[in-house]
Structure formats: C-alpha cells, structure tokens
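As written, the chain order gives the labels A, B, C and D, with residue 1 at the start of each chain.
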Amino acid sequence: MNWKSLLRHETFLALLLVVVLIVLSFQSDRFFTVSNLLNQGRLMTEIGLIAIAMTFVIATGGIDLSVGSILGLTAILTGVFWQNVGLPLPVAAVAAIAVGTFAGFVNGLIITRFTVPPLIATLATLALYRGLAEGISQARSVRGYPDWFYVLGQGEVLGVPTQLWILAAAAIIASIILAYTRWGRTVYAIGSNEVASRFSGLSVEKTKLALYTASGFAAALAGVIFVSRVSTTRSDMGTGIELDAITAVVLGGTSIFGGRGTIAGTMIGLCLIQALKNGLSLAGVKGDGTIMLIGAVLILAILASNLFERSGTR
Amino acid sequence: MRNRVLSALLALSFSTSLSHAQSAAWTGGDDLPTNPLACDATPATAAAKPYDGGSPTNAPDRKGKTLKVVDVPKLVGIGYFNATSKGIADAAKEIGTIDAKTDGPSKANIDDQITLIDNYITSGVDGILFAANDPVAIAPVLKKALAAGINVVGYDANSTPDARQWFVNQAEFNGIAKAMVDSMAKETGEDGAFAIVTSTFTTPNQARWIAEMAAYQAKCHPKMKWLETVEAQEDNILSFNQTNTLLNKYGDELKGVFGMTSVATPAAADAVTQAKKCGKVAVVGLATPNAMKPYVAADCVKSVVLWNPVDLGYAAAHVLRAVADGTLAPGATSVKAGKLGDLSVINGSEILLGAPTVFSKDNINNFDF
Amino acid sequence: MTAAPYVSLTGMSKSFVGVKALKDVSFDVRPGEVHALLGENGAGKSTLIKMMSGLYSPDAGTITIDGKEVRFASTRDASAAGIATVYQELLLFPELTVAENVFLGNYPRRPGGWIDWSEVRARTRALLDQLDTFDLDVDAKVLTLSVAQRQRVEIAKALSKDARILIMDEPTASLVESDVQRLMAVVRQLRERGVGIVYVSHRMPEIFALADRVTVLRDGGYVATRDIGEVDEAELVSMMVGRPIDSLFPKAEAAIGDTVLEVKNLNHGRHVQDLSFSLRRGEILGVAGLVGSGRTELALTLFGMTPATSGSISLEGRTVSITSPRQARDLGIAYVPEDRGQQGLVKQMAIRKNVSMASIERFSSGIFIKAGEEAQRALDAVKRLRVRCRNIAQPVGELSGGNQQKVVIAKWLETNPKVLILDEPTRGVDVGAKAEIHTIMGELVKQGVAILMISSELPEVLGMSDRILVISGGRLTGEIDRADATPERVGMAMTAHQSGEAA
Amino acid sequence: MSVIVDLPPTRPATERPGFLRRLFADYGQELVVLAAIIVLFAVVMLVNPRFISANNLTTIFAGNAYIAVAAIGMAMVIITGHIDVSVGALIGVLATISGTLAVAGYPVWIAWLAPVLVGMAVNACIGALVAYARIPSIVVTLGALSIMRGGLISFTGGTWITDLPPAFLIAQKSVFGLPVPLVFMVVLTVLAALWMRYSAFGRSLYAIGGNAEAALATGIPVERRTVAVFVIHGAFAGLATILFATQLQVIQSTVPPNLELTVITAAVIGGVSILGGSGTVIGSTLATILFATIGSALIFVNVSAYWLRAVIGLLILATVLADMLRRRGRL
C-alpha cells in the first residue's frame, strides 16, 4: 500500500529524530533549550523554504539545481535596486523577489516549452543566474540597511524568530496544498506518470511551470531573508544550498523518481539535519565530523526504510 | 540558427567588455576609499583614533582562569589557516590557560561560518577567535557573542569594529599593496605589464588589496600597465590554467603575474615554470613559504609576500588572553604578545602584527608553514 | 504421434505476500507441438510462464527437462536449457540496433573475447530471413521499428539461443490482422522444425487455428488439459470463466439520436488527412484500420493531444477548436487510450484517485478535494462497472488488465462525456472482462453517449459497431453500415490505399 | 472467424540510410558540440590569432584533460541510468592518497596505481549500495560526498603535499612531443568509446540504462553490471586523479570546488541522456573541450571578468537549446 509505506518512512524518521534529540540533549545540557531550538529554526529557514518548494518539484520527478543561484541573484538585486537604483527598500525587495520568481519561471519555460530535462536546464541556469549576480554586482557588496529591515532576519515576533513564522506558515500551507488539494494531486500524478496525467486532461505543463516558478519564488524569498539575517549582499550567497535542500527532501522520504513525498517528511528531514549539525557541534564534534555523519545518516535512513518496506511487502 | 546564437552572444560579450574598459579601476577591487602609502619607506602617520571596538556584556571575571576558546577561520583545509591554527595552539601551550580548538566551514561560505559560531556561542565558550568571510555578514552573530559575555577577537579578516573587541591586523592593506607592487616593479621594471590571478571577486581581503594596489601603482609606479584580473576560485588547477591562458594571450607583453591567494600563487608559479618563462615573467604574490619553496629554489619566483601566519595566530591567542585578563583594555596603546614582544595598537581597536615579510631564496628555508 | 514431453512441470505452487498465485499446477510441452495456455487474467498464466523461464522460483513443485529434474536460479539457466520467452511487453532496447538486441547477452565471440560483429549481423540477417522478414535492417535502432517488427526481432532473439521451447505471451495482442497471419505462419514453421511452443492468447480463433493441445487455468488452479479437437469455443470459455458466457458481443439496441460530433476535412500530419465523418447520440462508430493507418492519430487529434492543423470539428452544431486534452474534456470528449499502462492510468495511485483524476474539479470545492464525495463516487463506479478489487484504496497497478480498463472507463465516465473514444478497449483483457466491457458500452449508448471505438480485432468491430469507418494511410477508405459489414469488405478497405483509390 | 488479408510476404526493403544521415542520427549531439567548438575557435582566432598557438592549445586540451577522463566514467554511469555527485570529493581523496604515497618514498608506480585501486574499491561500495540495497544513486552519492569531504578534512587537516618527486609528475611530461594529459584523454576516450560501442559489456550498459527490467529478463546480470560500472567509473576517477595530482608540484589536499558539477555537466552536455540508455563518451570529452575552449576564449576576447560566468551559462544554455531544436526538427 502506497500511503502506508510512505507513512512508515516518516514515522521511522520522526522516531530517529526523537532518538537523536534525546541522545544529543544528554551530550550537552545547552542543546535542548527553547532558545537554542528557536535559534536553530532561524538558521534553517532559508534551506527550509527552498526544500518545501523542492519537495513539489522532486515529487513531479523533476529537480531544480538553480535555487542557490536564484538566491544569490535576488540578494544582489535587493541591494542594487535599493542602493544603485534608489528604490525604497520594501519596493526593492519586492522587485528583487519578482525577478527571482521570474528566473524560476524561465526555468519552467525551458523545461516545458523546449522539453529540456530539468536537471540539464537548471544546471545551465545555475551557471547563468550566478553569473548574472556576479555581473550585476560587479562583485560589490551592498551594506548598511536600515534597522527595521533586520527584523525579518534577526528579529523576533512573540518570542519566536520572525522568519520561523514564515517557514511555519509556508510549511503548513504547502502540506495542505500537497495533501488535500487538486494541485497536490496533480503533482503526484505527474510524478507517477506524466503521460497518463496529460491523457487525463491534467494541465501538466502549466503545473510544472507553476512549480518551477514557485521554486524560484521560494529561493528569492529565502534570498531576502538571508540578506536581512546577515546584513549584507554578496553574489556568492547561497552557493551549494541546492544540495542541502535536496538532502533534506530526499531524507524526508520524497522519491527522487517522483510520485511520492510529503512536506512533513521534508520538515522532519530538515530538522534532523539541523539537530545533528547543532547538537554534534555542542557535543564537541567538529564541522567535518558532522558532515560525515550527516552523509552516513542519509544513506542509512534510506537504506533502513527500504528494508522496512521490503519486509512489509514480501 | 546556432551561429546566430553564438555571434549574438559574442557581440554581447564584446559590448559588455567595452563598456567595462572605460572604467579605470582594476577589476576585482572594491569601492572603499584607498589610502596608498608613500612611495619611499616613510611610515604612515597613524592618526590616533579612540577605541571603536565592542565590549562583552556582563563578562565574568576570567582573570587567570582557563579559557575555553574556539578558533573559527574562513575555512579549514588550507595551508594558511593550518598555520594560524598552529600559532594559536603554540600560544595556548605556552600560556597554559587556554584550551583552544579550531573548527571552520569546509568551504569559505558565510552561512556555514555563522552557523558554526552560533553553535559555539550556545555551547558556552569563553572566547572566540575568527577570520571573517564577510565583515558585515558575520557582525550580527559576533554581537550576539559579545552580548553573551564572550570575548571576541578577530584576525586575518576583520568584521565591522563594533562586532568584536580587537582585531589582530597581520599587515595593513596598503602595506601589503606597497610590498607587492614594489616587488613587481623591481622585477619587471617601471613600465612592465602584469595581470592578476585572484580567488573570487567577492573575497573581501583580496578585493581590498587589489584596490589598494591599484591606488599605489597609480601613485608610485604610473607607467606600469595592468592588463586584467582573472578569477580562479580556491582551485589550484584552475589557477594554473588561467595563468597559462594569460601567458598565451599576451605572449611577451606579459611581464608579471600577481597571485592574490596562497592557492593561486604557487599555481601561477608552476604555470610560468612549465611554460619555461622563468625570469621572463615574474610571479609575485601572497603565499605560504612551504608551497613556494620549489619555485623560489628554482629562481622562478623571487619574492613571496606574506606575514607569518603562525605568528598571526600566536598573537591573536595572546590578545585574547590579555583581553580576558583585562590587561588589554580600551585606550591601551600596546599589548604584550609573548615572544613577539610588544605589539602596537592602531586604528582604535586593531593590533598590528608588523610589516609583511617578503620571503626570498635567502630566508625561505627558515620558515616551515 | 505423442513424443515424450521435453519440459514438464509438476505440482507448481507460488505465493506472493501470502496470496496464492498458483496452486499445484502441472503442465508439459512436447517437441513440435503448440500448447495453448488459457485462462483469464490473474488465472496464473504469467506466474507459470515466469517460473518456466527462470524469472520466479517456485515455492513447491518440480521442473524436469528431458526427464531430468532441474532448478532454474535465473533466466540464464532456463535459456541454457533451451527455453526462450517472447514477453507481451516486448523486452527490447530502443537505443540498440536490431542485431544487438537479438544477440544481447549471448554474443558470438572471436578468440580473445571480442564480439564478432560481422558474425552478429550475418546471423541476425539469417534469423530474420528464416522468419520471412527480409525488409528489416539489422543495423536499425529498435526505436525506429513498428510493433510487429519488434516482435519479429524478439522471436529472432529467442531463436538465436537455439530454443527448444518457445513461450509466447499474448504475441498477437498488439498486432493487426495481417501481422497476425504472418506470425501464425512463423509459429507453424517453428513447429515443423520441432520447437515446442507455449502459446498464450485470449483470441479463440488463433487457438483453434494453431494449437495442438490446450491447458486451462482458473484462479491459480489447474482446470484441464485437452486436445484441441476435443473442445469447442464455448466449452473453453466456460472452463476459463467458471460459468457459461452468453455472448462476447452483446449488441445492445439503443435509439440513435441527433448528430453530436461532426468532423470535416480534418488534417494532422501524415496520419490524418482530410477526414470527414459524423457521430450520433447512442451510436457506436467502429474505426478499423491497420496499425499506422491513422486510427489512433485521429483519436489524438480529436482529443487535442495533436491539435488539428486544418479542418473543422463541431460538437452539437457548435464549431470548436480543440488544442489540449483538457479542452477536449471540458467539451465533453473522453478518450480511453490504447496504452493503458502508460497513458491510461497512474498505476501507483489508488483506484479512488484514478477514478477522480479527469474530473478532479468536480470533486473539489475551491482547490480542496472533497475526499468523502470522491470516495463515494469511486465506490459507486467500482460497483457499477463491477471492478474486482480489495477496496478503492488499492493501487490500480495491482488489478488485472480488464479491471484496470474498467477503471479507465470509470475515470472518463465521471466527466459525463458526450463522446467517448475507446482505443482498443479490450486489448489484453480476458474473456470474462471483455464481455463485461462490451456490456458497459451497450449501457452507455442507451444513455445517449456517442462512442467512437477503435479496434484491431475485426470480430469486435463487426460485433459492436452500428457503423464502421475504415481508415488507411490517414484517409477514409470506407464507411460501412452494420448491415453491410463483412470481414472481406472491411479488410479490402483497410488495404485500399495501396491501389490509390482514396479521394 | 478471422479475416485473411493477403499481403505480399515482403514489403519493399527499406533502404539503408546513407553514411552521413547515420552519423547525424547516432552522433547528433556530439556534432553540435563539435560545431560549437569549431565556431568558437574560428571566431576567437580572428580576434586574437594567439588563441590557436601551440601553447594555448596545450592549455585548452591538456589542462582540462582530467575532467574529460573523469567524465568518461561519469558518462558510463549515467548511460546505465545512475548518477554520481561524489566524484569531485573522490578525486580529492585519491589525490591526497597518491601524493602522500609519492612523498613517503614509495615507487611512483605505486603512487599512480593506488588512486585507481582505491577509487575502484570506494565505488564498489557505492555500487553495491545502489545495486543490492536499491538506494537511488543520487542518495548514495550525496551521502558519500559528505562523508568523503568531511573525512578528507578530518584526516589531512588540509595540509598541502609538497616535495613531490619529479618522477611522479607525469602530467608535466610529454610523449612524442604531446603532453601526457592529452595522450591520456585521447587514448582513454578512444578505448572507452570503442569498448562502449563494441563490447558486450558496453552494450549491456545501454540495455540496462534503457530498460533495467527487460535487461534482467534478457539474462543480463543487472546488479553485477551496476556494481561493475561504478567500479570502472572509480578507475577512471583514479586515472583522472593521476593527471590532477601531478599537474603541479604541490597537491592541494581539499576537494576541488564544484568538480562534480563540472563533470556531470560535461557528460550531459555531451549528449548522455540523464534518463539513461543513450549517449557516448566521445560527447563527454568534446563537451569538456568545449568548456575549456569557452573558458579560454572569454579571456581572449576580453569579456569582462565579472560577466564571464553569465556568458558561460548562456553558452551552455544555447548548446542545450540547439540540441533540443535539432531533435525537434528530426521528429
């Protein structure tokens, strides 16, 4: 049964997360504190936003490697629009997000109109968008934003980091869309069998176009939050974030071949990675050791859930 | 179809390059104000400036107590930061009351570095030593550390001053620029043409050096000709290929290559060596001596500019100790740094390591880092 | 002559996830005979075949070759024992050439281990010539071949291994009549050469034309083995289904009403040229033609997959332009495609979700899916169309072909179509389900739906249609009323383009 | 019941398509890439004739040979229907091993052989996880990437390897006046291309990538072949490492930035279908040369360094789109 096996992976992952949390809180008494956990939420927001959109994209059997570059491009444009063009900062940020969203739309166009496989299309735009960020910025940073802007990335609302509200809202909305709406159904249908979806009158192209656009939007929004969090723009922002997001999505049980995956899984995967990064660091493990362990967890988690599934169905 | 696309692209690239050629500044520099030194050896007269660093909130009295210190360089896994890390370890051993460890991102990535520092703040260290990947981006997390009562000292790459207490300046940007350009002028003559191989244009230190070099060259060696700057990441094969391409493009016109990173400089030297242009094309650059020994020994590279990164780490650890003990307080004019003796305070809250060292065939074998 | 069996299977049993797929079945094949294996889908034919070809290992039972007991650990073992299989879904590699496909995994070598490519090509040529297939380039990539040509390649591949036993799993399911004839000739020729053939098919005429013996399975169990002379069609069908079947083609009398669909001078590419016809309420319009004649392309054009380049389509008197399946659906055109697995269904998804897929907007309020209503409608559909399944949450891929087809039909009925296009509605569907699908068609036309039925099976076209369109080379070469339709007339029109008489 | 339709037993024999059409059909993408290289050379040559000086040709062809060699193995993996995002990290690890052995005074042939063997061993593990544990290759290699990147820093601490014995530096040598990396690249590409086109093993990789289930039913040992192709890919990564580690007199013992993306891009731009089952290693090598040519050309035509990467992105996109248009035209 499809949904049962899916549930099994997420349950397993959630259990793993609980075990990891328990073990880590024994390692360091500073780990399992409200302030630390909230703070970790702040740090994982950008990856989280991108991973949510990426879950949809991967569930259709696609992939978007250009998100890191879109993040960088948006960051740069926020600064350039504000400082060089002279737009008011909110307008500049919205305009930059619009461009980032458009970059995602272009990905979608290349993929749907020219039927270029998503991996190749976004591999090309990965280079292109990063290049644009570099060219437009001339490698200059833009700094010195007004203080109110930092509320987004460094401030708190009701005691919780501002961007965590955004991430939580995005996660809830996205999981409702994926699980309960016809858009979500269309996503799974495309991921399982694109041809049959088309033959069933589903708008495959429009859906894909919308998803890559949404992925661009998520990356762009993450870009602005990132700028607000680190108070500066640089054209190399977000380099390699695509792999982090994909890792969270895949760890969360979304099939890389499409057709299955949930936002809950992605969020658990994301939390697991962040908890490992933070907890191990608090427990005195160095960054390089943490990377190794996350790699091993990724392989072992998928291996374990594969084994579960097989023993269940045979 | 295809040809049209290509020619359109090429036309585009020409036009962008033309529009760029009109600006006089070197590619790769930043747009902050420059302050070139005098052409002769006159030392810069430093204007006295009040302390502009930050201070930790409610820091406990750490005098004489063992400090738990974490050193977060830009990235781990390169020779330069291995050397600073070694210096910190040496100092810790010598002082005895510092428990230091180095942990950094595996790529020079601002976000990873911020996350790491954040984790260490939570885990409760007494002191943080850092080399910033971005001066502004790192500021919020450092301020958070100060607010948590942690002593924060920078080295190698600064943050905004109010985000840390002190910064150990290995050599001022204009000092490095002078040493580099003077060395190049000596080797290629006053009218030589040269090119630059850097890591990425977004790396702040490199951008600052390039900007200062441009200003100094314009002031003191006006006839030298800057050809272009190329990016080569932190990738030595790419640096090698880029240098080769420059050699091929300019032929005999190219008289010198600046390597702006400890990765680019040996690769550039290797390119010149393998092109059998030793002596015809000068390589001047920032690099660690160990990586440069073969080229210096073969007389292919005459001068390598670098401060001693082991000393830099060593000084940083001493400064941190002094800050924690309260012996280095705002307004001080110098600080004792073990075997390095007294180091002077400049620019309000910076501690100067000294003039950069120019390594040559005579002294390079005295260094091992 | 009753030679000793070359291969015999005794007491074979196999279960999957606790469900018995095969219970104590025995089966044997003699050299030089065609042994037909019959049964509805799910009767255990595929399981039996797969054990014979080494893909599955039995839970119980023995296989003997020439009287000696053997165990097949892999397909390699089986093929070493002289057993080769031509699967229903042809196992060819589109990017490889014909010759490579034939000898893949089994290349003739030169000393030193290098493949002797000239030998590969020469022997492939020889094998194809034996099959009277002189027109196939051994260097052509398989992706460029037609289904019939691919099947020939698959048979050549089986023969290349000096097969003593050749298992053919529904070899004619996707062939047009003329290719079926050629295939039957090949089978006879192989039988002459002493090859034992296991022939699985749903098509009775072929079985009576070819088989020497026939074995029937039902629900994983063994029913009987008979010489072909001892049985007639009705008897075989009732053995398979377990009950007597009145008629395979229950033609329902429906009142034929006004014209729903009017097509004039429709064009798309090479395969749809200048087609004009009309379709009325309550009518079943059969479309006959060879593979590649443009039958399916006509359907795809009407359905908006490959929008018409010129010509007009009017629905209930209103001229429409159809550029996407979605639009076709909104206009009341439904299409049950010929490739069920690829185009018709999302196999991993539950029955419920497949049923609602084409009309998901109707099951939604705003963007949200009304799960309760969706489930209710799916339950109704399953009951109405007699889909055999555990429950509506079962993935469609686990159902038999006939039940899968019913789900596809159910999906389109949810859109309340005015025009229902059925492309090969009973291909790969077993006898019982076939009759049921035909009954459903009858019920639909009674409700006033207009059906356009494309089929390669002439008996089906003749049995179900009120009128028959014949297409050849993308052009209309005949329009025949039910009363005048004979196999010969339809057959003539199907090959008409070669004489160039089409307008 | 059935209708007998008499058809002549043979239809008119389909004519064998001509050599050129066949070439276009079989090597379409490769020809697009080749054309792009030639056009670039022609245009840049006009701007600056030094572009085709012997030295610059050496830089373009030999300087990036290690990428081409790694891309050969990557092409094979992708043809089989898998992917490997850990190859950059693997090359970093192997280079460190090789350099360490060379400096430690082992004979140079051991220092050359070690990366090949270790590469094969590491990828055997990856291949086994993919083939037998049935974990998607992108997941396994994403994990392996983390493990190797972290592990390399843990173990070396990033110390550079210097004082390499001159005999070790094979990439700086020449045979018959040709730089060794060029020879490596050409010989390995030709051997691999012949092997992929004419050997039973090579053909079976296309079969597995085209339809793994069918391949299994045809009697191809799919699991064993999958492990084998990863092992071979490991060997090519080892060979690439030899070039990578001996190009300079020092070895930077970290993972070269974005090398895996470069290698994958080379393979797919060279025409290897990301879905498996088609493509050639000639394509991947040509694509590597195309990238090297673009990189060099943009310096020669004075593209502003700030816009360089954008132009590279555009050129890649143009190549991809040109190929898609070509395919459309054929359909």
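In this section, a residue touches a chain if its C-beta (ideal position, glycine included) is under 8 Å from a C-beta of that chain, and two chains touch if they have at least 3 such contacts.
Remember, it's a predicted structure, so these values are computed and weren't measured experimentally.
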item	value
Lowest number of touching-chain links that must be crossed from subunit B to subunit C	2
A-D or A-C - the one linked by more C-beta pairs in contact	A-D
Remotest chain, subunit A as reference, centres from CA atoms	C
Inter-chain centre distance, subunit A versus subunit C - centres from mean C-alpha coordinates, in Å	44
CA centroid of subunit A to CA centroid of subunit D, Å	29
Centre distance in Å when subunit B and subunit D are each reduced to the mean of their C-alpha atoms	36
Distance from subunit D to subunit C - Cα centre to Cα centre, in angstrom	42
Interface hub residues of subunit D, defined as touching at least two other chains	149-150, 153, 304, 306-308, 311, 314, 321, 325
Per-residue multi-chain contacts in subunit A, two or more chains	134-135, 138-139, 286-288, 291
Contacts with 2+ other chains: residues of subunit B	16, 28, 76, 106-107, 201
Each pair of chains that touches, named by its two labels	A-B, A-C, A-D, B-D, C-D
For the subunit D and subunit A complex, residues of the former touching the latter	85, 129, 133-136, 138-140, 142-147, 149-151, 153-154, 261, 264-265, 268-269, 273-275, 304, 306-314, 316-317, 320-321, 324-325
Residues of subunit A touching subunit C in the complex	1-3, 177, 180-183, 185-186, 188-189, 192-193, 195-203, 259-260, 313-314
List of subunit C residues in touch with subunit A within their complex	16-17, 305, 324-326, 328-330, 335, 337, 342-350, 353, 357-358, 360-361, 363-364, 367-369, 371, 393-395, 411, 415
Partner subunit A, residues of subunit B touching it in the complex	16, 28, 30-31, 76, 101, 103-107, 109-112, 114-116, 118-120, 122-124, 134, 136-140, 200-202, 204, 207
Residue ranges of subunit B touching subunit D (in the complex, touch as defined)	1-3, 5-7, 9-10, 12-14, 16-17, 19-21, 27-28, 76-79, 81-82, 106-107, 201, 228-231, 233-237, 240-242, 244-249, 251, 263, 266-267, 270, 273-275, 288, 290-291, 293-295
